[in-house]
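Here's the structure we're looking at; comments come further down.
Per-chain residue numbering starts at 1, and chain names A, B, C, D, E and F are given in the order in which the chains are listed.
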Amino acid sequence: MTFDRALVVINPNSSEHVTDGIAEAIAPLTGRGTPIRCVTLHDGPPGIESQAQADATVPHLLSLAADLEAEAAGFVIACFSDPGLHALRGRTALPVTGIGEAACLTALSLGDRFGVISILPASIPRHRRALRAMGIEGRCAGDRAIGLGVGDLAAADARDRMEETALALRDDDGADVLILGCAGMAHARAWLEEATGLPVIDPCQAGAAMALSQIALGLTHAQEPAHAR
Amino acid sequence: MTFDRALVVINPNSSEHVTDGIAEAIAPLTGRGTPIRCVTLHDGPPGIESQAQADATVPHLLSLAADLEAEAAGFVIACFSDPGLHALRGRTALPVTGIGEAACLTALSLGDRFGVISILPASIPRHRRALRAMGIEGRCAGDRAIGLGVGDLAAADARDRMEETALALRDDDGADVLILGCAGMAHARAWLEEATGLPVIDPCQAGAAMALSQIALGLTHAQEPAHAR
Amino acid sequence: MTFDRALVVINPNSSEHVTDGIAEAIAPLTGRGTPIRCVTLHDGPPGIESQAQADATVPHLLSLAADLEAEAAGFVIACFSDPGLHALRGRTALPVTGIGEAACLTALSLGDRFGVISILPASIPRHRRALRAMGIEGRCAGDRAIGLGVGDLAAADARDRMEETALALRDDDGADVLILGCAGMAHARAWLEEATGLPVIDPCQAGAAMALSQIALGLTHAQEPAHAR
Amino acid sequence: MTFDRALVVINPNSSEHVTDGIAEAIAPLTGRGTPIRCVTLHDGPPGIESQAQADATVPHLLSLAADLEAEAAGFVIACFSDPGLHALRGRTALPVTGIGEAACLTALSLGDRFGVISILPASIPRHRRALRAMGIEGRCAGDRAIGLGVGDLAAADARDRMEETALALRDDDGADVLILGCAGMAHARAWLEEATGLPVIDPCQAGAAMALSQIALGLTHAQEPAHAR
Amino acid sequence: MTFDRALVVINPNSSEHVTDGIAEAIAPLTGRGTPIRCVTLHDGPPGIESQAQADATVPHLLSLAADLEAEAAGFVIACFSDPGLHALRGRTALPVTGIGEAACLTALSLGDRFGVISILPASIPRHRRALRAMGIEGRCAGDRAIGLGVGDLAAADARDRMEETALALRDDDGADVLILGCAGMAHARAWLEEATGLPVIDPCQAGAAMALSQIALGLTHAQEPAHAR
Amino acid sequence: MTFDRALVVINPNSSEHVTDGIAEAIAPLTGRGTPIRCVTLHDGPPGIESQAQADATVPHLLSLAADLEAEAAGFVIACFSDPGLHALRGRTALPVTGIGEAACLTALSLGDRFGVISILPASIPRHRRALRAMGIEGRCAGDRAIGLGVGDLAAADARDRMEETALALRDDDGADVLILGCAGMAHARAWLEEATGLPVIDPCQAGAAMALSQIALGLTHAQEPAHAR
């Protein structure tokens, strides 16, 4: 029965505390008809910091999604690199959102040019490929790394680095909306909005909200095309 | 109290039956925390079919929005041309979505290239300007007009024309997701999905869903920039 | 008789001294066959500094243009935000230019990448939407605000701010041609060219020259399309 | 004395009858302050139909322009491939327009997407490179060749081919403004406008009008940059 | 010793006969200093026809490459979807080419706009994402599917379908260079060049040639950035 | 007999020592089946530093290529401005590469966004036109000039300027691969790679390698189109 099906939010890294943080971030979206269930991909790496790590999670993620499909109303892939986004869309008729894609599309309705706060410098080329693949790179003002890995986002100087990076995106690059470029940054949204005066998008929130909307409206992605050219 | 504030969906044309159709289309989104209220802009034209008509509604729309702001949680401008979208964003700190923008952003997460079903040929340059202004024209497979005005969408041959246009967008232009290019086309969504096998986006649904998400997350657009360059 | 018709340059703000400045700026274009007449839109705001103000002038501007059409050979909308440009084109078969569009197109023939000197930071997203809508954003090196409103362009430090901004566009952004991003900046053209060594475009001059050329050649914009897709 | 200097329109092919046609096309622009003088590049080929021919004219064109500079107020390079446009700009401080560039920029103010009527299929890649170099390829609806060389534009079936091509650009490609893609097509402007209902741009007219405007306004292109990056 | 290291061409599907076809296709590149070794990824699927299949091969491909790295001078990933291209580049300092990327970059030097002959309709959105991610979608004239899977490329009507598709890309889409959109199409290059008169690029040849060039020149991709923004 | 034909690398400036430097740079590519022959265009200028100089070499270059065609297997035009690239392609069926085009295409496979180290500021608009014409400007992080002409590349401070420029491209513009923007900079490749940690592309090497690949594969550019639109 559709009512009992839940939106399944998959954290593709194996860190339970990241999953907990995601659940906390999207709590404001509960009670909107479809229950939300956050799960951890135990076969994933502790954090996804490279294309190789992102790609390596895909088979496991597809397998987990297949196991949960009968109970699912839709899926959120809760890693900013959107591992397996198009692969999973090819495997299920249920709505699937990636938090990276969702955050960027959300930004397009909130400002003119967005800035991305990334973890490591190596993330940036990966993000730029994704922005170009989405065809929206013209709306990106800049992407800057704070220089900390997923596991260091609670480090003493993480907050200072994020604020400094956010201000550079605003003042040097001209961003008028900011995107947190990692699923583990949700805690920073409120104080970064305060510090910069700009809207700040948590990608997990954006991804879950978009998936819930698609579920409510009975929308899903294009299935295997038989006609496209 | 925030709970009592409603998402205000403004139909900027004066046709009550269009407002009724909008209300019906977005009914699946009720009961998600924020009440929804659909209002008609009585000072608008019966239908918006030109840039001049779109522009002419803006002062009236801004005035109506100002009158309703105290009771509003956010606004949806329910005309595919998004009249006054950026103007209203400049006047209120509440979330504002335009159904044209929202439909296109929604399409980006549902397929690779979208097709737009427009009313009259004159709509097409207006739409193309908007797509380019959004920076997403590379994801548009085509925009084709059915050759009927807003008042004729119930005409005997409207359904045939829409289906023919939808199939041309799919088969000749390569669209894998379709957008209904007018607030008055919501009734067509189900049978067009059936006829084409593609996801079909009703812009009113997309605009209301996006606004509700922003309200739930406490997100709103960039305010008057003091720093951007 | 066509000979007596004038190119009507409409200042859509209500400040007569701005109209006077426009008339002075385009004086070098008089005596080229078609007389030029500068008029003030008394129903406009004192200065146009927001999208809402720009949009609000459109109905008044359309009305004034309709009143003057019988005596007009063409129209120039003399505000850098081009309020009502496409609306008026939809209402008249006479040539219509907007000074923002005209300035940018003129820049494309004078340098490789242009810089825009804007009044307030809030102008920049508006300009960027327009540049993208024109499809020429790839030729824009930068858009920077001097931080003064239309009414403050005669302030004591206006000249210093303009020069500093112009040099930043040249040296930091790589612009090799500059555009004055407001109808009220015409007086600055000569000394900015001197200070920067770059061509500087006054948009009123660009808009009037383009309109006169279209009139001389019997060219006008595309009318209501019946065929486009 | 500036008053005696003329706008020099150089036909870079050696066919005097083409020069005569150019002079006739731009006759409506005479009497606007600056006299116009049309000259033939006797060292050019009879018609420019390849990149090699275009490039080969440049040294001769630069030499002719240098000879005439003392009497010139500006230059128009009257071949749609704009041979030597940027080279000549690097050699003179006088305004220089190319009729290809001028026609395309003019089209941007007259419609949403333009179509180009070309002579031979081999012209099309050359044009596309130029459109991309200008950064305006997103505004081009299509470029189609009539399959006749410069010397055959008076052939019996030239008119039929041009009309058929124009209608395909309008109806199949969605162009709402047309550009004659050769200096030798000026005679077709009137009847093509009649046949298609679209504005039709003769590039020689566009190039001469743009040059006259620059001369009247004291504008010229960016000189040798010392600062750009 | 560098001389003994080989360029390792990995066929990421498990079909030995595809590997044999690749080896045959790139035979003209042997004897250019670096030996070439073609290997089959036995853990791959028989053919890669979806994003999920492409992603699923990556961990196996990375593992095989790691095993062979000590003997390798560089790697070619011989599937048009370039599975693991950026992942492997992140794991090795040796040159890595993907045949999809290499084919498209090669096309840019051989014509103005290329056409892609794809296997199944589902390939097309995957290709379009890749073209946009590369930032070269403006040079793609079209991508059309023949409607046969990897295993059916030897079907009786495969040749007819390929020729028909190639001619449509040339005549309807305006392609002047063609790309074979699958590693298993190499046999078609010669007769498609004959049938169309256009250059036809076999991606395996393009990928191997590019890798050999990088090896010869001591070039490799950017390593983990420490500075980029 | 094809075996005896050589790849002809034409240095379009008249400086023999530049030709010698090119020969030295591409020495690692000898012994790959096709002999390489470097020739100097004695009718060229000592260095090509402007569009006019680039254009002026074309007739001489075409003439030299025609003289050598019978003995040639292909041509490389060894000036970063690619003078005569498309012209020569229109005149011969042999492969032709331009070192500017080849360097940029090579960069696309080695990093995410490339930076160009140019000689003089005046080179930059010329390069930007070329990048746009290639449709790859979105992959360029920046283009910066060292402020020295071709003849001064051996000046005492040339190395310092190149290193400073390279670091600015890496650190301020975000380039992760560098291109030497002049045929006379080949000597700098090794130490710039050392100084920046980035891959550095010598355009002569890139152009020769690409030509050799095309020769080995029997590939050549699109010939005179008879069908394109």
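Note that a contact is a pair of C-beta atoms (placed from the backbone, for glycine too) under 8 Å apart; a residue touches a chain by one contact, two chains touch by 3 or more.
Not measured: the values here are computed from a predicted model.
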Report the chain pair from B-E, C-D or A-E that duplicates the C-F interface, where duplication means over half of the contact pairs agree by residue number. B-E
Looking at chain pairs D-F and A-F, which one is connected by more C-beta pairs in contact? D-F
So, in whole Å, the Cα centroid of subunit A is separated from that of subunit B by 25
So how far apart, in whole Å, are subunit B and subunit D when each is placed at the average of its C-alpha atoms? 42
Centroid of subunit B to centroid of subunit C, CA atoms only: how many Å? 30
What whole-Å value do you get for the distance between subunit B and subunit F if each is reduced to the mean of its CA atoms? 50
If you look at subunit F, which of its residues touch at least two other chains? 111-112, 124-125, 129, 132, 134-135, 137-138, 174, 176, 222, 225-229
Taking the touch definition from the header, please name the shape of the chain graph: line, ring, star, complete or other. other
Pairs of chains, among all present, that meet the touch criterion: A-B, A-C, A-E, A-F, B-C, B-D, B-E, C-D, C-F, D-E, D-F, E-F
Which subunit D residues qualify as touching subunit F in the complex? 50-52, 54-56, 58-59, 62, 83-84, 86-91, 121-122, 124-126, 129-130, 132-135, 137, 142-145, 222, 224-229
Which subunit F residues qualify as touching subunit A in the complex? 111-113, 138, 174, 176
Sites on subunit F touched by subunit E in the complex: 28-29, 31-33, 97, 101-102, 105-106, 108-112, 134-136, 138-139, 170-171, 174-177, 197-199, 201-202, 205-206, 209-210, 212-214, 216-223, 225-229
Within their complex, state which residues of subunit B touch subunit D. 124-125, 128-129, 132, 137
